[in-house]
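The structure under discussion is supplied below as structure tokens; questions concerning it will follow.
We call the chains A, B and C, going by the order they appear; numbering starts again at 1 in every chain.
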Amino acid sequence: KEMRARLGHVFATGSPVDDSSHAFAQCVTDETGGELSLTVFPDSQLGGDEALGRDLARGGLEFAFLNPGSLTGLDPLLDIHYLPYIVSSFDEADKVFYNPEGVLQTTLREAMGSHGMHAIGFFELEFRAITNSERAVTSVEDVNGMRLRVPGSISIRSFFENAGAQAVTLPFPELFVALQQGTVAGQDNGASITFNSRLFEAQKYMTLSNHVYAMGAITVGQRFWDEQSDERKAVIEDCATSATADQIVANRAQSAAYLDGIREGGVEVHELAPEEMAKFVEIGRNVWSRLEETYGADRIAALRAEVDGLND
Amino acid sequence: MSGRVSKRLMVLTVSRRCAPRSTGSMTSPNDRDRVIQNNGSPFVLFLRASSNVLGAFEKQVATLSMIVIMFAIAATIVVRLFNLPLPSLGEIAVVAMSPLTFIGGALCSHLHQHITIDVVELMPNSVFKTLLRGLSALSMAVFGGIFSWLAWNLFSYAFETGERLIDLGTPIWIPTGCMVIGAALICIHSIIDFLLVVMIRNREVSI
Amino acid sequence: MIIVVALLFAFLIIGTPIAAAFALVVFLQPDRLNVWLDSLSSIPYDSVSSFALVAIPLFILVGEIMNRSGMAASLASLADKMLGRVRGAFGYIMIVASAFLGAITGSSVATVAAIGSTLGPEMASRGYPKGYVASLNAASGLLGVLIPPSIPLIIYGSTVGVSITELFVATLVPGALLMIAFATVHWFRSRALLEGGQEIVARAPVASQDDGAASKRMWAGASTTKAAASLFLPVLVLGGIYGGLFTPTEAAAAACIYAILVVIFLRCLKPSELMQTVYSAILPAAAILLIIAMTGILNRALILNQVPQDLAALVAVLFEHPYMFLLAVNVLLFATGMFMETNAAVLLMGPLLAPSAQAFGIDPVHFAIIVVTNIEIGLLTPPLAANLFVAARTNNVHLAEMLRHFGWFIGAAVVALALLTFIPGLSLWYRYF
């Protein structure tokens, strides 16, 4: 018998995540011979991440491409991957973030699992960056006293406060005008959001600080998942694997294109010199031990071990 | 003569350095009560009194929510400008939107202040008018009933999972709970309304 | 879908509150609409738990305070002195004031609320039918979106990928065009509606006639202080936003606090009266917020059934000539605007239609202005017409009494929209400089 299912996400039509969600939907529809067909609802048409999460858990939605970092209200562990400077390059990200046995994926899967959400694959969002309209940030001192808008994540906030910035909470829809009028000097989204939400139009400088690497999850509602046959589960998982692999490649190419677009928009884009990057990394990692209460000392210790292992 | 009186009143208000003007000439529940007082049975009086008691509660809650919203937003400006070591208080305003909307919505039900396409008011036939009023009260009661049940389900989910808002960690069972209370109150007011329309059938009363 | 619409109209006609009608049609037939009832309860909660919506109750409150304290009246008499010779002056004042306030709030509904409760009663006292005042009030609220900063333009720019700065500049001429359109309607209608074509002049002189010069002076003195204090309000709010002190939403709270301080220092209202003022603001605020909360439910049902999506796809393939396409887009958006909340409609329809517009070679900025203007006109088109609802409530008038008036303004807006659609230069004016 044929069955229809819905897939929701908050990403813009035509973005790499949206493309990937369509590829995944098509794959599932094809591989089940049309027995399970997915319809994609992009652009927050079915609500924000919190609403998607609630619906997945309660059975009102079957699939979502979620940003688990937005769901920390449900479980503080869901933004453990926002710990500053777990990695600072794509190579490192591949080893730490896309290791299914690693602390990050295990923690996220468990935390989502305990709230009725079954994660079947992880895709790339972006490295966060620092943009502002006051001065080029090339060292930690440049951030000092700068009024920066940050998302509601304890890790990111602590990082900027430690670096001497004034971290300000501001709802995203207000951000563009706030940047334009100088209510805040800058913000810390990466190339994709900075370009697509046109924030670069109100900014002069961007520094690829890579302080946080964000990852999204292809998620299935637990109730729906439990009703599927093992055979179908395997099909869905295979589709997730190929969709995420393709997404990561496409996302990196697109991210470079976004950076070009931001440069064309008149923004000076800076990279950090290795010794300055090292200082940022040190400030970032110092935050970790203070967040042991939030994420658990054992998890942070395990994560440190994983990250230290990168250098071997 | 009456012109002279109104001039005097004008001067009185002026001498307080301001000339306040009232916007609302909405039907106050007191007017309705006065009519009911004259031709209502004890049960009718009881219904009306209960509705008034609930209305007084709703008024307090909604007024308080409005004040909270105002100060919370104003506080976020101050916190940012002076870089005070306080978290963003905007979340409090967002939470207070639920009681303002839903419990305030119940107050609108009590005072018949909901926004409607009020073609009914244009109808000359008062029997027909009463019938439509009854139907609309009934539909509102059905809405309130279903909405209460749905809101309750969300509330119990929020309560069980302990989902919180991110900035201050306010549990979302608080705003969703306000939604349940508001929905239930809308249902109660509408049932009372419906009963009053059925029992009194007096066009003055159901205004 | 036809059943849904029929049921909706049936509920609305029997007088079911709009908020309830939009939710009930979905509640009563979840299976037919392919929705899962339980997930619907988080829509009203999520809709109102929004920082951006906070401006609506706050601006309603500002309006109430200014109105009850007489700040609005003193502003009105000031404007009167400046424009006294102009026929039907107060209508133009309302249009210009809405444009100014719109510049501040970026939200149509908040603009209507604030202008309606401050200027509405004054205008009605000058001999205009209340239904007309409310209609003008509702229409001029649209200017809020077309004068930056504007939330719908930000939403469009960021979901479709059009420069927001360019949109903010582009929208100025369309905004002016709409102002002219409404002013033209007022020019004609005020002559038809006012007795002798003239406004009844303010009543301040009434007190002065035989009650002595002393009270006249007192009125004048208080009025001047108050007018100055009231005039500073837009200065504070605009200066605060453009000076980077606060965001447009926060400006609403700053305006509230400022108005309360003025009222306290000028001793315009006793504390109990101040509480009464807050109370009188919560009813319209709650009524409109409940509508915003509950209409999201029908919107979700439409989206889940792919109704707007399918129609947009149809429009894209059905027509070959760009003008036919634009015409069809306008009809589709007009219909969408009747049933959907504006921000949701922009978020949904923008990405659906923009790619085909691009294929037709229509400039993205031009197309953005068409889409946003059209969807904003939806604020005036029942059954879901937030500006009309708020105007009716703040001007204390039945919607039915507005019926014969607001059509003129919708007509004017549609004419302006047609010009905007077929003369790209109106939106792209800045490229000629």
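One rule holds in what follows: a residue touches a chain if its C-beta (ideal position, glycine included) is under 8 Å from a C-beta of that chain, and two chains touch if they have at least 3 such contacts.
In this text the structure is predicted, and so the values were computed from the model without any measurement.
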item	value
Chain of greatest Cα-centre distance to chain B	A
Centre-most chain, if every chain is reduced to its averaged C-alpha atoms	C
Between chain A and chain C, centroid-to-centroid distance (C-alpha), Å	36
Approximate Å spacing (C-alpha centroids) for the pair chain B, chain C	23
Separation of mean Cα positions, chain B and chain A [Å, integer]	41
Overlap residues in chain B, where contacts from two or more other chains coincide	90, 153-154, 172
Residue numbers of chain A (touch at least two other chains)	50, 54, 58, 170-171, 183
Chain C residues counted as touching two or more neighbouring chains	38, 42, 51, 245-246, 249
Of chain A, residues touching chain B in the complex	50, 54, 57-58, 72-74, 115, 147, 152-153, 166, 168-171, 183
Touching residues on chain C, where the partner in the complex is chain B	11-21, 23-24, 27, 37-38, 40-42, 44-45, 48-51, 53-54, 57-58, 61, 64, 67-70, 73, 117, 120-121, 203, 206-207, 209-211, 215, 218-219, 222, 226, 245-246, 249-250, 252-254, 256-257, 266-269, 273, 275, 278-291, 293, 382-383, 389, 392-394, 396, 398-400
Residue numbers on chain B that touch chain C, as the complex places them	7-8, 10-11, 14-26, 59, 62-63, 65-67, 69-74, 76-77, 81, 90, 93-95, 97-98, 100-105, 107-109, 111, 113-122, 132-133, 135-136, 139-140, 142-144, 146-147, 150-151, 153-154, 172, 175-176, 179
Chain B to chain A touching residues, read off their complex	80, 83, 87-88, 90, 153-154, 157, 161, 163-167, 169, 172
Chain C residues touching chain A - in the complex, by the definition given at the top	36, 38-39, 42-43, 46, 51-52, 106, 149, 151, 154-155, 157-159, 161-165, 241-249, 300, 303-304, 306, 347-348, 351-352
